[in-house]
C-alpha cells in the first residue's frame, strides 16, 4: 500500500482537481482536509506563457508569498510538472506543438493531517498536446512537488 | 472545454486506475466504455525492472500482441510515462533514488465511442519517489500515449 | 551480420536517399523493393520550420494519411531523427546555430519483402549544422523510425 | 547544394563504411581521397562497452594519438554519435534495450582535398536497437564530428 | 554590478571552499559572515556514491535536518551541481568516465547579512572528470542552490 | 590532491576571473603564468545573445582564430559552461527566466607550465539566474573546457 492510500495526499488532491471540468467538489473536499487550492486553465504554444499563467494565478490568490523562497518552490514545481507534459523536451512551439492545459496548485502537508513533516507545494497539469492540425492531439499529465519549509 | 470532458478518455481512464488502491470500479467502468485495462504495481531502484514489469503484465494479459509494432508502442508509452516520474532524468538508483509505482496499461480509442480515429495505448504511472531514507519520498505521476494503428 | 544486410532495409533506404544530391537512382530502387519515398531539403534556424517542411511534404505526397495515428508516427520519427542532428539539444537558433538539411520519409516494411511484421515509417536527415559564420559548419545525420500499424 | 556534394566529405565517408557489411571498397576509396579509417562492430546492453570498443580500436590502429587532446576529440565524437543512436537517452540496458552496431572512425579534412581548415575526426554508428525480445528492434544511426587541431 | 559583489554570497562562499586544497581560511571567513559550511572530497565512477558521500557528510555535521524538507533541498542542490559537472548527462561510469571531486555544502542567507529573504542551501563541486586513461581528464565545476524555508 | 592544486590550472584561472567584480589582479597573474584571458559580462533572456557576446569578445581579442577548428572549440566550451548555468535546460526566456552573467575565456595549457599535453580553451560563467520578479534570483556557475590542438 502506498503512503496515504486511505487519506488525501497533496499530489492526489492536485491531480483530482485537474481531471474534471468543474472541480468544485474536489476543491471543497481538499479544503476540508487542510489543503489550499488554486486552479485554472491555459492554452499556448509558448511555454513561458504557461508558466506565467500558473505563477500569476498563484500569487493573485496568495497561495505562495511574493518572497523568493516560495516563488522558487513554485517555479520548480511547475517545471517538474512540465516534464510530464513535455516528455523529454521542455518546449512547445519551437518543436511545432501546442498544449491546452488545466492546472492546479495545492499547498499543505504531504498527507492530510500529517504534522511536523513540513509544508509542501504541488502543481498538477492535465490536458492535451499535439500538432497544429486540429484534433491531432492526445492527453498529457504532469505533477511537480517541492518543499516550502518546515 | 477539453476534448472528452463529458466522456471517458483513454488517459483519464488510465490515470483513474492508478490513483486508487483498489481500482475494481474504475476498471469495470472502463471496460463498459470499450477500453481494455491491465494494472499492477512495481517497486525498484532499477528502471529496467519497472519497464520489464509493465511489459510482462501487458503481454501476459494479451493487451498488446507479441509482434513488434505493438511492442514498440508499449515501450515508448512506458518511456513517456517515466518522463513524468523522473522529471528530467530517466534514472533511479544511479542517482540514488527509488520508486514505488502503480501502473495501468489501457487500450482503445482516444475517447470512448470514437470511431475511425485509430486505436491507442496509454500507460499511466502513479506512486512515490525518493531517497533511501525511509519516508523521505513524494508522489509522482506520468502518462504516455502512442498510436497502435488505424 | 545485422538484419537485412543483404537486403534493403527501411533505414538504409532512407539514409541512401539523403546522402546523395540527386537520389533518382536510390528512389527508383527503393520503390521497386516495395517502399514509398518522399524527399526534399530545408534550411533554417527554426526547428519548427524543419518539422513543418517534412510534415508538409509528407502529407502533400500522401505518404501518411491525415488521420492522427499516422501523423503521430511521422512527428515522432522526425523528432527522433532531429536528436541525431541536434546531439543533446533539440534547438537551433536559440543556441546560435543553423542547419541545412536534406530529408527523406520512407514507408514500408522494416526489411524489403518482410510480411506480417507491420508497416513502418523512417525519417532520415543529412546535412550541415554550424554557427552564423559562413563555412563554419560540419555534417550531421539523424534517423527516426516508428511503427504505423500491423 | 550542400558543401562537398561532388566530393567526399568526412561524414559521408564515415557513414558509407558503416552502411555496408563489407566496406573494403569504401575504405579503399576513402584512403585514396586522403582519409584514414578504422571500423568494427560491437553489440552490448552496456553503453560503456560500446564506447570502450571504439576507443580501443582507434588507439590500436593509431588513428588518434594517446595524448589527451585527440583522446578528448574521440570521446566527444563517440558521445555525439550515440545521441543519434539513443535519441533522447544515452542509455541502453538501464532502460531495457540493447544495440548491435557497426562503427567507423575517420580522420582527415572536412572535405577531400580541403587544405588549411583543420584536421577533423568523424565517428559513425549504424545498427539495430531494441528490446530483449529477439527480432523486436529497428535501425539507428549516429554521427559525431570534432576538430583535432589546425 | 551583480548582487552581493562587495559582500559574501552563499554561492561564492561554496565555490571558494572547493577551489583550494585547504579551505581553512575560507571556512573561517564564511562562518564569521554567518554561514555554516561542510566540505569533503569523493572520487567515483558511480554517481550515486558521489551523492551519498555529500548527503552523509551533510547529515553527520547536522547542516541539514533529517526531516524530509531539508533532505529534499539537499538532494536537488546536489543534482543541480552535478549538471555542471556532467554537462548534458548525469552519468559517469555508464558513459565510461570517472570524476574526482571536492564538495562543499553551505547553509545561510543568499547574501551575508540579508534578513527576511529566507534560508538557503548551496552545494558546490570542483574537480576533474575524464576517461579511464590516467591523466586524460579536465576540470569541472557545478553549483546548486535551493531554498530551505522562510 | 587534485591535479594542479599547487599550480594554476586553466579552469581555476577562468573561475577566479568571473568570481570578482574587478579581475585585474587575477588576469595579470594568469598572464604571468602563461594563459591568455578575455572577460566581460552579458545579461539576457535570450541564450543566443549570451553565446554571441562571448564569441564576439573572443574573436575581437583574438583569443581564438576565425578558422573553424578554434571556433568549434569555443562554441562547445560555451555550451558546456551553459549546462552548469541552466542545470537541465539550455533555455532562458522560453522557460521564463533571465540571467546576468560574467564570462571569461582562457587559452593555454591545462596546468601552468605543462608542455606537450596540448593547448586548451576554458569558458567560465558566473552570475545570477531567476524569474522576472526583481530580486528573485540566485547564483549560478558553469565551466566548459575543450582541446584546441596538440
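First chain written, first letter: the chains are A, B, C, D, E and F, and each begins at residue 1.
As a working rule, a residue touches a chain if its C-beta (ideal position, glycine included) is under 8 Å from a C-beta of that chain, and two chains touch if they have at least 3 such contacts.
Please read all numbers here as calculations on a predicted model, not as lab measurements.
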item	value
Option in C-F, B-C or A-F whose residue-number contact pairs overlap A-E by over half	B-C
Interface with more contacting C-beta pairs, comparing B-C to B-D	B-C
Centroid distance [mean C-alpha coordinates] between chain D and chain A, Å	43
Rounded Å distance, chain D centre to chain F centre (Cα mean)	29
Intercentroid distance (Cα basis), chain C paired with chain A, Å	36
Chain E residues counted as touching two or more neighbouring chains	68, 72, 88, 91, 94, 110, 120, 135, 137-138
Residue ranges of chain B in contact with chain C within the complex	65, 67-70, 72-73, 76, 110, 116-120, 146-150
Sites on chain C touched by chain F in the complex	89, 91, 93-97, 130-131, 133, 135-138
Residue ranges of chain A in contact with chain B within the complex	1-3, 5-6, 9-12, 15-16, 19-21, 80, 83-84, 86-88, 100, 102, 110, 120, 122, 124, 126-128, 137-145
Chain E residues touching chain B - in the complex, by the definition given at the top	46-48, 51-52, 55, 66, 68, 71-72, 75, 79, 90-91, 94
